[in-house]
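What follows is a structure written as structure tokens; I'll ask about it next.
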């Protein structure tokens, strides 16, 4: 597969591994946060760990829109399907995530709610067209990558007059989340100091460009490399970060030049700006309330806003007790630091979103590396 | 996050739709988020929408840099300039 | 047996399952017409089979696939192949199948006819008869077109002893061909996931190839068809049952390019995707080449490959050297396989 | 085998059918717990059975009953009894069963547990194991709680040759007890037809009684269990297959008073109502008393009766002397059995 | 079962058979019409034929409400379920009856219409209570026996305010149908002369009493015996008719005194009169348009009248061609006179209602006596 | 037509409902169409409603007449008068 297979080549991986081994200074540690779950997934699925020296460490960030959605929003989605009787369309990723009382959309569906997995907002629009007598709500989740397709669907619904379609908007923004990790001292005062650089989100930057991450270098003096999601992309980006650190440079570099430019996709940005506006603040699992970190549907498009169309009840939503997802999402703990990992919490009985999302750190450790993790836990 | 994959545009349709080939798999997608998509372009496909064009030349350059990873110091800087990025502080 | 072509213009209703004449006619017009054989013609609810002497094997599988018709097969051929393969995986020579149908009210007779015809064809090609059957009709909304449960009986040849207890560290793990074709063929026909490209299910009967394998190497330790849950489920189940480990090489595992692409598109791991015409064979290392040659002589095993070996430990874990040379655990699929965006 | 009691508070979802660990756990926690036996514990999709020598019999039946639980049984015990009886009707000694489950999303685990427990009990009482099984889950609205397809394998003793070809004019028609209990027990639990009085299904395994019958009179011509479609369907099928007639005496056919009353109330003919623990035996006239005595020695055949005889003709017709001494044809049930007001 | 088993006694049957044999004059024929399908059913199920001399003949009348409902009314019922999307509740008897193009309610159900079998109007009301968001229509069919339960359901729906319940009324009356057979010459001029007497409907008379049949004796000089439905009731009634004929009496006698009185059930009659009114005329399969022979729901209860609530389309309804049901229902032909009997037309593939209703003459001949019937057909 | 069956009233309930025994089968029915139904009455049950009471005495008389069918001429006339029927023409 063009632009994929080449970036999984074993010989090139060896070359990069050798270069990293040479570049990495054995006298120090390199702690790089991969903001994105996509990077986490690639690192684990391909065993990138095994090709970098032990002093090059990956710190997993909050870049999984499934993981950071708080239980309350999921409970709201279930309420839409169960109490308001809508057809709730969701990407497959959300179906197994536990809300309050570990109840997921999949369980709500088994109990009779009309919940449909879609691959695209295009399919959700088709469902709305095919069921004019029913309310169809699309559960919008995702970062800047996934937001334009939601915006396009709302624009299309308005153009066609699809009156039974709306979006329950949970779209969030990456730069404010990264800033929050570095800036808000109560999160973890030592964290900012510990991080030596960032692997920047590549598909987010396909839309917003690399420019929005320049503040990281400029204001927080953290090197950034916008990194592709294939394993060789990750390795090359690691090499680029090591070199920045070694050379004392602090720049936003772009490894993923085949897709990312500094400006991104202006057309998509404009569409998003037309349909959505900033929420003053939004609750992130792990990060708490983060100002200016999420989008809401503009008043002009209120007819397509599920939060305006349906009265959502007050809830006593609760995350699962003693789940360490919040700390893991901030990068201050690892899955092995959660005493539920591999015991009460497995992908079949997930206690937190980090275990259920394929991009979650706990799921990655479980699926691809639980041997080492369980051994470390036993040793501690 | 954000599973996305390169797709080759094989046909353009009304309503900003296009046929693409994803490694030999034919699929209908929306190109409403991109201007001036042409048959033969590679685009980055995410949840049924093309998000950006994929640059063949840049891909080749990236692979070449990987192959010469050991010798790359100079080129990294060059690459950063070419793409108008690397507006770092430091 | 040449019966006049019946009228297939209508659809199933509750009377077809009522136990009366309408049902008898349905069985005659559709099932007997396509599946006629001396055993079925005994006209018994239970059919006698001459097993000769020896050990027999039995198996059963309920087939609930949607869509019912897919590139490379349909629920009928699948139900035959699946059960033949389960017998073959015990090293057994299949003697006979049984087939029980649960049909939803409103299901078109023409579709049922097509399915029964496909079963008949699959049985004839396999040389194994459906010995007896059963038909039930459920109300609309209490079924999904048609479900078919096939069971099978076979004879296990002397000297063949296949099972996870026979696994030992050092044994070779062979795979008969590329994985994921069936699961992706099915997904590609599901609403909202359609592909324009035809990926064909690998659904096929493997008992002839297995007969040759067993004849060539009677001491095969394990045969298993990696169906639901894919190769990862099969290997994890075996590793768990044997208390041994496994080490795979990702690059040695054949996956068709289109299947790989579809998996990338949908965020699936081909190791978790279902197959219906593939087998995993675990044998002593010295028998591996013999068995690969036997497999490759059959169209079903043309692309057979050695994909790894059994290890002492970690017990119950399947590990894999990744494409780039790293290591990972190969886990069971968690829950249902869902396409994803992240 | 003592496993800890599993958590049964949840309900089935799609992951239970996905082929992964959730399914493996479900099988362990519910099916293996209740059905454990050395054959099933082989852990194979296809299970080996030592059949010794001799002819074997196979059978299959899909069970789709609603309600799932009814007086005198449930779908689990029914699925065991039905298949054991089909083997017994071939004169076979049952060796093993297989069970395939199709479960609807949302089905309560506790109910599934109850059903599996009931199957386990029925198997133990019958002395016949479930040798292998299969589990599929279908989406809500594509099933009806649970469907169970059971298949069976048995050995036919030397000298036993049962089948409609053996029918001859003059043979006696025996019935093992009162008819209609099962069908009426089920109807009495259907919405809108409820009775306050409990009529219990006759669901029972008949293979032990049949073994004694076959031992006493190896030359029995036909054994048949009058299930769906009732006694009328069974006798019409036999008369049709043999090209002979039958003559019954209505007053000789046992029907429990409550069952007769329920049939009057709903406008049904008890001859068309399903049974699940009864058999029809056709034998030479001189063997009739011997067989009746054997049957009456079993609780399942306590009320066995001679109800008629085989006639030369009219070919394919079952006739009956009515209660008042008139004559009528006993026809197959037409379509589904529907309560009526006229 | 009390009041049932005693009336199926073989010894008493022999006594009655002997008395009939003695009473019947071998020099003449006795042609008695049993108006009711219930009698037809009893005669065939118990083989009453075999216990009476060959010159005592049963002529089957139109007394089966399923058989006489014309295709048009059934097509309307299917339209209610399919086009108007109602829950259509029907007694089991109607489900298999073929309408135009041999389409039945059962087929409509298999094709997705929401058609439910009920045992009682009480169940139809329960369905309406349980589905307040759906329209529930009860398909009312039947003679005077079955009409009061429909009336009671409407009265109950009004009292409770069950607004989603209505009745598609097809209730018909027996006396006008009998009169029609005797009076309308174009039906069959010879018919009236040929009939020597009537077995009168017993359960109808439980409601309306025997008085409404007195016109038969008084105006048409036809003996009538109101006859119970058990086989001994039928035999005793035959004996009573033979004696009337032999003695030249023309009376309305009542064999079924354990239930029927001259006046019937006044309370039921009053309720029926409150809810229903006469239709000027109604189409009967076989009889054509019969004046004053059916009931409609009064304007006061229009809210419960499905014909008023739902617009039923004009239709080209057609009975099955060459089905002889019409002539059989008038008593002028027998099933053996239909060339489809036992060939194209069987209970599994009924071409006419007489084959599908358990009370239909064709079904009775097929189910209980097809040996003789097919032999006669072959001989002719 | 009109399948109906004798039922023994075993209990009376609100809303003109009653429990009956139909040859040993318990069933809930409506007695709204009859006045003054009492426990112990036999009623004729049709589609869930009691249509009329069943007279034990008349049933006995009918059976007695059947038993003496050969001798019955006189009694037929008597019966007709007793029930106030037989208002025939002739």
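Here the chain labels run A, B, C, D, E and F in written order, and each chain numbers its own residues starting at 1.
Note that a contact is a pair of C-beta atoms (placed from the backbone, for glycine too) under 8 Å apart; a residue touches a chain by one contact, two chains touch by 3 or more.
Please read all numbers here as calculations on a predicted model, not as lab measurements.
A.B. asks: When you check each chain against chain E and chain F, which touch both of them?
C.D. replies: Neighbours common to chain E and chain F are D.
A.B. asks: Count the smallest number of chain-to-chain hops linking chain C with chain F, moving only between touching chains.
C.D. replies: 2
A.B. asks: At the interface of chain C with chain D, does the proportion of residue numbers present on both copies reach over half, so same, or stay under half, so different?
C.D. replies: Mostly the same residues form this interface, as more than half of the numbers used are common to both chains.
A.B. asks: Consider the two chain pairs C-E and D-F; indicate the one with the greater count of contacting C-beta pairs.
C.D. replies: Most C-beta pairs in contact, of the two: D-F.
A.B. asks: What chain is the most remote from chain D, judged by the mean position of CA atoms in each chain?
C.D. replies: With centres defined by C-alpha atoms, farthest from chain D sits B.
A.B. asks: Select the chain at the greatest separation from chain E, using centres from the mean of Cα atoms.
C.D. replies: Looking at centroid distances, B is the chain farthest away.
A.B. asks: For chain B and chain F, let me know how many angstrom lie between their CA-based centres, rounded off.
C.D. replies: 89
A.B. asks: Roughly how far is chain D from chain E, centre to centre by C-alpha average, rounded to an integer in Å?
C.D. replies: Spacing between the chain centres: roughly 37 Å.
A.B. asks: Where the centres are mean C-alpha positions, what is the separation of chain B from chain E, in Å?
C.D. replies: For chain B versus chain E, the centre distance works out to 78 Å.
A.B. asks: Which positions in chain D touch two or more other chains at once?
C.D. replies: Within chain D, residues 14-15, 20-22, 257, 260-261, 264, 267, 334-335, 340-342 contact more than one other chain.
A.B. asks: Can you list the residues of chain A that touch 2 or more other chains?
C.D. replies: 1, 4, 37-38, 64-65, 91, 96, 106, 119-120, 123, 142, 146, 232, 346, 348, 359 - these are the residues of chain A that touch more than one other chain.
A.B. asks: Residue numbers in chain F touching 2 or more other chains?
C.D. replies: 1-3, 5, 22-24, 46-47
A.B. asks: All pairs of touching chains?
C.D. replies: Chains touch in the following pairs: A-B, A-C, A-D, B-C, C-D, C-E, D-E, D-F, E-F.
A.B. asks: Taking the touch rule as given, give the residues of chain B at its contact with chain A in the complex, in rising order.
C.D. replies: On the chain B side, the touching residues are 1-6, 8, 22-24, 30, 32-35, 42, 44, 46-49, 51-56, 58-59, 61-63, 65-67, 69-70, 72-73, 76, 79-80, 83-90.
A.B. asks: In the complex, go through chain D and note every residue touching chain E.
C.D. replies: 191-193, 251, 257, 260-261, 264, 266-267, 269, 314, 317, 319, 321-329, 331, 334-335, 338-342
A.B. asks: Can you list the chain C residues touching chain E in their complex?
C.D. replies: Those in contact with chain E are residues 11-15, 20-22, 25, 105-106, 140.
A.B. asks: For chain E, which residues count as touching chain C in their complex?
C.D. replies: 96, 106-107, 109-112, 346-348
A.B. asks: For the complex, give me every residue of chain C touching chain B.
C.D. replies: 195-197, 199, 257-258, 260-262, 264-265, 267, 340-342
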